[in-house]
Amino acid sequence: MTTTPLLSAPSTAIVGFPASADVEAIVRLALAEDIGRGDLTTEATVPPNAIATAQILQKAPGVVCGLPLVNLIFKTLDPRIDFIPEVEEGSFSAERRVVARLEGPAPGILSGERTALNFLQRLSGVATASRRATELVAGTRARVIDTRKTTPGLRVLEKYAVRVGGASNHRAGLDDGFLIKENHIRAAGGIAAAVTRAQGRAAPGQLVEVEVTTLDELDEALAAGARLILLDNFNPELMRAAVALTDGRARLEASGGITHANLVEVARTGVDFISLGALTHSAGVLDFSLEVIV
Amino acid sequence: MTTTPLLSAPSTAIVGFPASADVEAIVRLALAEDIGRGDLTTEATVPPNAIATAQILQKAPGVVCGLPLVNLIFKTLDPRIDFIPEVEEGSFSAERRVVARLEGPAPGILSGERTALNFLQRLSGVATASRRATELVAGTRARVIDTRKTTPGLRVLEKYAVRVGGASNHRAGLDDGFLIKENHIRAAGGIAAAVTRAQGRAAPGQLVEVEVTTLDELDEALAAGARLILLDNFNPELMRAAVALTDGRARLEASGGITHANLVEVARTGVDFISLGALTHSAGVLDFSLEVIV
Amino acid sequence: MTTTPLLSAPSTAIVGFPASADVEAIVRLALAEDIGRGDLTTEATVPPNAIATAQILQKAPGVVCGLPLVNLIFKTLDPRIDFIPEVEEGSFSAERRVVARLEGPAPGILSGERTALNFLQRLSGVATASRRATELVAGTRARVIDTRKTTPGLRVLEKYAVRVGGASNHRAGLDDGFLIKENHIRAAGGIAAAVTRAQGRAAPGQLVEVEVTTLDELDEALAAGARLILLDNFNPELMRAAVALTDGRARLEASGGITHANLVEVARTGVDFISLGALTHSAGVLDFSLEVIV
Amino acid sequence: MTTTPLLSAPSTAIVGFPASADVEAIVRLALAEDIGRGDLTTEATVPPNAIATAQILQKAPGVVCGLPLVNLIFKTLDPRIDFIPEVEEGSFSAERRVVARLEGPAPGILSGERTALNFLQRLSGVATASRRATELVAGTRARVIDTRKTTPGLRVLEKYAVRVGGASNHRAGLDDGFLIKENHIRAAGGIAAAVTRAQGRAAPGQLVEVEVTTLDELDEALAAGARLILLDNFNPELMRAAVALTDGRARLEASGGITHANLVEVARTGVDFISLGALTHSAGVLDFSLEVIV
Amino acid sequence: MTTTPLLSAPSTAIVGFPASADVEAIVRLALAEDIGRGDLTTEATVPPNAIATAQILQKAPGVVCGLPLVNLIFKTLDPRIDFIPEVEEGSFSAERRVVARLEGPAPGILSGERTALNFLQRLSGVATASRRATELVAGTRARVIDTRKTTPGLRVLEKYAVRVGGASNHRAGLDDGFLIKENHIRAAGGIAAAVTRAQGRAAPGQLVEVEVTTLDELDEALAAGARLILLDNFNPELMRAAVALTDGRARLEASGGITHANLVEVARTGVDFISLGALTHSAGVLDFSLEVIV
Amino acid sequence: MTTTPLLSAPSTAIVGFPASADVEAIVRLALAEDIGRGDLTTEATVPPNAIATAQILQKAPGVVCGLPLVNLIFKTLDPRIDFIPEVEEGSFSAERRVVARLEGPAPGILSGERTALNFLQRLSGVATASRRATELVAGTRARVIDTRKTTPGLRVLEKYAVRVGGASNHRAGLDDGFLIKENHIRAAGGIAAAVTRAQGRAAPGQLVEVEVTTLDELDEALAAGARLILLDNFNPELMRAAVALTDGRARLEASGGITHANLVEVARTGVDFISLGALTHSAGVLDFSLEVIV
C-alpha cells in the first residue's frame, strides 16, 4: 500500500502496475519463504555494510515484465538499494541485454536475488506469450484475453503481465463480474432464470456473461437478453455459425481447446474475444540472471 | 496450523505434507484473490443450502499431487464439504481417472473449484517432472534434487511435490543451510576464508556447501575442509575429473546446463547430486477438471 | 473464510451474505477493539462454565439485517454458543419483537453483546432506509442504488444491507468497474480520450461509466460510445432533457442533491438509476437490545 | 505504529490522537476495501507521474475532526503526497471553508479521496455532536461522556472525536475498567458479592462501577463500597433523589433515555457524568468534498 | 478469539485466563518460530496417523500455571488431540507429579512438546514466585503487585500467572491507567499541572497515579488531589513517614529496591501496594517434561 | 523486513543480527501489548512536538546485547528518533556505563522506554551467560551450544544473543535439521530404521543427529551411519567412554544435567558440543535504565 512510489514503471503505456495490498502480501510471503530466519551464508561471509553494484541480465528473447516488482522487492529488503531500470517495462529484445542495475548494501542485494529473479522470469514469460498470441490475431476483430487459470497468489501480477504483453484481461476474480456456467444454470433452473437473477444483482456497469455449449443454448441465452456469451469448446465451424446466429446482438467469447496452431483460424471466425488459459498456466519462464559487477 | 487433520494424506510413503503456517497463508491468499468480495454468480444463482456431489478428474498421464491441499481449500471455504480421495497421493496413471470426490454445500464447491484446480495442476506437474527425472537416473549413485527456483509463495508446496515425485530437496531457503557462491567468496576474501567463517556459524548438523567453477577452485575448497561442493556449469568430462580429484573427500553436486537430454550422462559421472531448476520452474501443468455430477 | 456454514441466512431471497475474508477481518477488529486484553467484569464475576439463554429484541419499526453476522460474532467468541434466528433476515416489523435467541456459555454471550448490537443496529438502519427509498420509486423504471460513501471497514456489509432492503449496489470499489469523473477527463485530455482508454482496459463484461455535468458533455459522452452515463447534480428538468437526448443509447444514473423529498420526482424523469449516498452514510441506527432471560 | 510523525495534529489542546496499531489496521482495511485490486479508472486515464494539487472543503457548519487521519491515509497510499492543514483540528466554523490542501502525485490523491472523506465526514460529525452536548451542560458539574455504542472498527477514532468535541471518554473497552451490570450481579449472587469480586481483581488505579436500577439497589451498592455508580434509566426526579441519597460517597453516572431535549435538566440534577450513546451512533455526518484545483 | 472453549481452566478460582487475540497471536508466533516449514524429524520417522498417549510431569516444587495454554497449543496443532488435566491450575505441589495427559495423533504431540513446555515452565515460575511473595506479606495490609517489566509478547500471560500465584496486577499497559513519572512531570511543568491534565483525560473509573521521590513531592501530590501515589525507591523508614503524612488521603505503592529479604519489613510500613518487577523478569523456570507413555 | 538499515549493528564481528520478519513481528506484538490504544499519561502530559534526549544505562556487569533492536523499537514508534550507540554490541563492561543515546520527539521515547528495556535486559542476560559458559570451556575442543528451550516468541533473538556472547547455535527449529529422539526411534521401529528414513529425507547439507541414552545405543547409532550423536544425560565418565568408543566416527553432543559446576569437567571429556538450556531459559536479566537528560 505504501509502495506506489516504488512502482512507477518506466513504461509510457498505461497498463497499470497493480499497486495493491495483494502485491505487497505476495512479495512479503515470497521473501519470508526464501529468507526465513535469515540469510545464513550472507550473514556469515559478507560485512553488513559492504556496498555492491549488480546488473540484471535478460538471457533469452522476449518481453521483460516485472521491473517495478524487482524494485519493490529490493526496497522491501533494504530501502537504501537503488534500482535503475535500463530498458522499458514491456519492451521486447531478441538479444541478451542488461535490463536493470542495482546499487547499495550488498547483503540485501544478495538476499533478494533469487526472489526477484523468480518473479521476473515468470512474469516475463507470461508477457512474452501474450505478445506472441496478440501478434497472431492482429488484423482480426478478436481480442486475446486471459482466464482465472493463474498461479495461486500471483493473479494480479500475471494479469498485469498479460496487459504488458498487449493482451487483455477477463474478470479478475469471482467478485468481478458474472459468468454463468453449466452448474449455475442447473441450480437456477435454466438459462433464462439464471440470467435474470444475475442481471437483478448486477451493478449498472456489469454485463452478465453466460456459457453455452450448443447453438440451441446460444439461442436461449440470446432470448434471455444475454449480451455477452461464452462459446464453450466450439470448433471454428460452429463458431462461425454462432457469429451468424448472434448477428451483433451479443459479444462472443471463444474458449476451450484453442492453441497457437488454431488461434488464427479461431480469430477469423468473427468472435470478439478468445480466452487462453495457457497465457498464464503454460507460458514458461524467460531466463534472467543477476551479476554483481563490483 | 489448525489444519493437520485435514492434511492426512492417503499416501503410505512418508514424504511429509507440509502442515505449516506458510501453506495456510498461501491458501488464504489464493482464495482471497479469486473470491475477493464474494462469488457473485454463485450468490445470485445457487441457493445457499443446495447440496452437490462433484468429482475431480485427471485428464492427462502423470503423477497426482496436492490432494491434501484440495481438501484444505474446500474445508477452508466450508467445513461441511467432505473430501473423499479415490487414489493415492503420488500415484501415477497413464489413463484419465477420477482422483477424488466432493460432497456438501454447492456454493463452496463451486467457489473453490478454480483455486483447487490451479494448485492441483501445478503440483502434479512438478511431481510428474520429478518422477521422470528420477527414473532417468535410476541405477546411478546420483540423486536428483530441486533448487530455490520455485514459484513465489509456493516454495514448500513445490518442494513437497518434488518429494512426491521421488526426487529430493535441496535447502528450503536461505536460512536452511550454507551455500557459498562466488559473491560470498569475493566478499569474504577467498574460498578458505568464506568456508571458515561459515563453519564457525554452522550448527552441529549443518555442512557448509561451496560453489566452484574450476578444478583449481575445487582443490582450494577441498583444502579448506569443504565436505559438500557444487560444481557450477561443469560439463560431464570436467565432472568426471572433479569426482576423481575429490576422491571421496566431499560430496559433489552438479548444477547448471543440465537437461533431460544430458541427465543420464551427468548421472554417470559419479556426482552425488544433480540439481534441476526445471523441476519447479518449467514443469508445466497437468490437466484436471471438476465436474458436478449431482 | 471458514465461516460459510455460520452464515447461511434464514432468508429465502438470494441477496448473498458476503462470506468473505473482509467480513472476518472487520469482525475480528471489532471484537479486538472492544474486548482487548479480556472482559474484566465478566472474568471477575461470572463463572467460566455458567450457561445462559438470551434474546435479541428489535425495539423500533424497521427491517432487521445482520442476523448471520450476529451468529458469526458469537461463534467467533465461543463456538459452543447456539444462535437461533426467530425471524427472517430482511423482514420488516412495525412492532417490538424478538429476532433471535442465544444459548450457551454465559461469558461469551456477555462479552459479545455490545459488538453484536453495534453491527446489528447499523445494518438494520441501512436496510430500513433502503427499503423506504425503494418503496418510494416503485412503479417507475428507476432503480435505487448505493454509492461508495460507506462506513470505513463496513463496505461489503453495508452494501449487503442495501440489497436486503431491496435496493441495488453500484460498484463495490475502485477495482470494480470504471467511473470516469471530471479529474480523470482532465488528465486524459477530454471525454473521448478518457472513454477510449478505459474501454481498452475494460474486461468483456465491464461497461465504462462517465460522469457529465451538462447536456453538452452528455452529447460528447454519447458520441464517444459511452453506454452508461452519470448525470452529476442535474435537476429534474435537466434530467428529463438528458433522457430525451439520450434516447435509449445509454443508461443514465442520477446522482447528487437527491433526498426523500424529491426522490419520486427524480424517479419519474425516466433515468435508469438513482444513487443515494444517504442510504449508507445517514441511515441512522435501528434500536436493538440483548436480554439474558435465564 | 510507524505513523506518529504523520499524526502530529495542528491542535494546541492535548487530546491525544490515537497513534495506535488499531488506527493503522482500520486505515489499511478501509483502503483495501475501496481500492481492492487497483483503481481501474485512474490507472487507465491518469499518467502515473502526473502531479496535482487539491483542497478539502468543509461544506456545512461544524467541528472539523480527522485531519491527522487524512494525512495518514494519503501518506499510506503515496508518501510523496504532502498534506498541508489550513485550519486547526477541532476548530469550529459556521462557514464553508478549506480545511486542508494536498500536493503530489495525482493517482494517489484520486484513489484516496473517497476513503479520506468517508472518515472525515463521520469523525467531524461525532466531534460536532459532542461539542453541542458539551455546550448544553456548561455551568453544571456534569461531564458528558461517550459509551461503547460506537461504529465497529472505529472505536478509538470516534472516542478521539468525542474528546476533540470537548466531551469525555468512558472506558475504551471491556478490558478498560469494571462496569458491573445486571447480568453480572445475577451471576455473582448479588451486588455486594459482585463488587467485592471485582475490587479484588481491580488494579490500584481502577474504580469498580456498578449499575443500579432503583434507589434500593443504589443503597446496596453504596453499602458494598462502590464509589462509582451508574443510574440506569432514572428520570430526573429519581436522579435528584439518588444524588441526595449518595451524599458524596460515590460519583454518579446518568445513563439511558437522555436526549438533547432533556440534557440540561439531567445535568442540573447534580450527577457527575451523563453518558450519551448518540454521540457516536447517531451523530450524522458533516459534509466535505475534495477538489483538484490544478 | 475462537479459543474460549479450549481455555476453560480446571480451576475453581476466578482469575480469568486471558482468552484474547493476543494469546492466540503469541501462540501462533511461538509455534511458527519452532516448527517453521515443518517438523522434519517427525515427518520422516512417525507415520502420520500414529496415535500416542503422553503425560506432562512437574519435576520441581511449585505452582503449576499454564494448563489452558497447553491445551490451546496442542489443539492449534491438531484439534484431535485430547488434553486431560490431572491437577488444578494454580495448585501447588512439593512433589513430582503428573499434571496432565495428552491423547491423539502422535505427530502433533511430538511437534508441540517443546513449545508447550517452554510456556509452561515460564508461567509456572512466575506463579510460584508470586505465591512465595504473597505468603510473605500475609497478615499485613499490603498487596503484592506486578509491573510492566514482563517478557516481550507474554504480558497478558505473565500477568495471569501472577494472579494464579495469588498476587495482583498493576496496569496492563500504557493505555490502562495513568502513571505520571518524573519525565511527565517535567514536561507538564510540575506535579500539580500533570495531575490536573491527566485527571481531565481520565475516564470515570480511572484514578491517576503519580510517582514521587521525596516527602515534599508527596505533599505536593496530595495537595494536587492525587489519590494514588507511587513512592519511588523510598526506604522503609521513609515509607513509614509517607504513610503517616498521607494519613489515608491516598493509597500508596512502594516500588524499587524491594527484594525477598526486605519484603516483610516493607509490608509492615503500612503501604497499600508493593510492586515487584522480579515477579516476572526474574522468576526463573519450573522444570516440566513430556513423556510419551504409549 | 524493511528494517535492515535500522539494524546495522555497531559490532565488527559478523554474528548476524536477524533482520527477519519474525523480529518485526515480535517487536510489533510487544509494542502493541504495552501501548494498546495509546500511552494515556504521555498523551495527557507531554506536548506532541516536545523534543528530548535520553541515555540508556547499563547498571550491572555484563555483555550488552540488543542495541540494533532498541533502534528498531524506537524507529518503529517514530522514525524521527535518532539512536546513537555509544559502545559496541557484544562488548563487556564491569562498570556502570552509557550504552546508547536517543534524540528526538519525547512522546515516542517515553512510550518505547519499557519495551526497549524489557528486550535489552533479557538479551544482555543471555549474552552474558553465554560468554561466561564459553570462557569456562576455553582450551578444550568443546563448543557450548544452545537448545530450543527459549522464550516463546524470542527464539531468533535469544539465539542471536547466544552468538553475541560467543557461544554457538544448535538448530533454529524443528524444520532446521534432524534430531531423532526416543519417541521417533520407537515410532520408526529402531535406531537404524529411524536414521535411514531421516537420511533419505535430508538435504545434501544436513547431517542427521540421533539421541542415545546408553553406550549400546551409541554403538547402534554408529552402525546405522550416524555422524552426529547426542549423549542424553551421560555422566562425565560415560562421556569419556563414549568418546573412546566413537573414535572419531561421529561428532558427539553432551546434553542434560550440565551446570556451571560440572561444565569444565564435561568439556574435558572430549565431546564436541555441550548444549545448555540454561543459556536461554535461566540466564536472568541484566539491569538497564533509560534516563531523559534534557
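Observations on the model:
So that you can tell them apart, the chains are marked A, B, C, D, E and F in the order they are listed, and the count of residues begins at 1 in each.
To be clear about the criterion, a contact is a pair of C-beta atoms (placed from the backbone, for glycine too) under 8 Å apart; a residue touches a chain by one contact, two chains touch by 3 or more.
Note that the coordinates shown come from a computational prediction; the quantities given were computed from them, not determined experimentally.
Think of each touching pair as a link: the shortest run of links from chain A to chain D has 1 of them. Any chain that touches chain A and also touches chain E is listed here: B, C, D, F. Across D-E and A-B, the chain pair carrying more C-beta contacts is A-B.
Homomeric contact chain C/chain E is classed as different-residue, with under half of its interface positions used by both copies.
With respect to chain B, maximal separation of chain centres occurs for D (centres as means of Cα atoms).
Chain A and chain F have Cα centroids lying 44 Å from one another.
Averaged C-alpha coordinates put the centre of chain C at 23 Å from the centre of chain D. Annotation: 32 Å between the Cα-based centres of chain A and chain C. For chain E, the set of residues touching two or more other chains reads 14, 16, 20, 22, 32, 35-38, 40, 43-45, 47, 156, 172-173, 175-179, 197, 201. Interface residues of chain B, counted against chain C in their complex, comprise 28, 31-32, 35-38, 40, 43-45, 47-49, 75-80, 105, 107-108. Partner chain F is touched in their complex by these residues of chain B: 14-16, 20, 145, 163, 168-172, 175-179, 197, 201, 203-209, 228, 251, 253, 272-273. By the touch criterion given at the top, residues 1-2, 4-5, 8-9, 14-22, 156, 172-173, 176 of chain A touch chain D in their complex. Within the complex formed with chain E, the residues of chain F that make contact are 22, 25-27, 29-30, 32-47, 50, 52, 106, 110-111, 114-115, 117-119, 121-122, 148-156, 172-181, 183-188, 194, 197-198, 200-201, 281-282, 284-285, 292.
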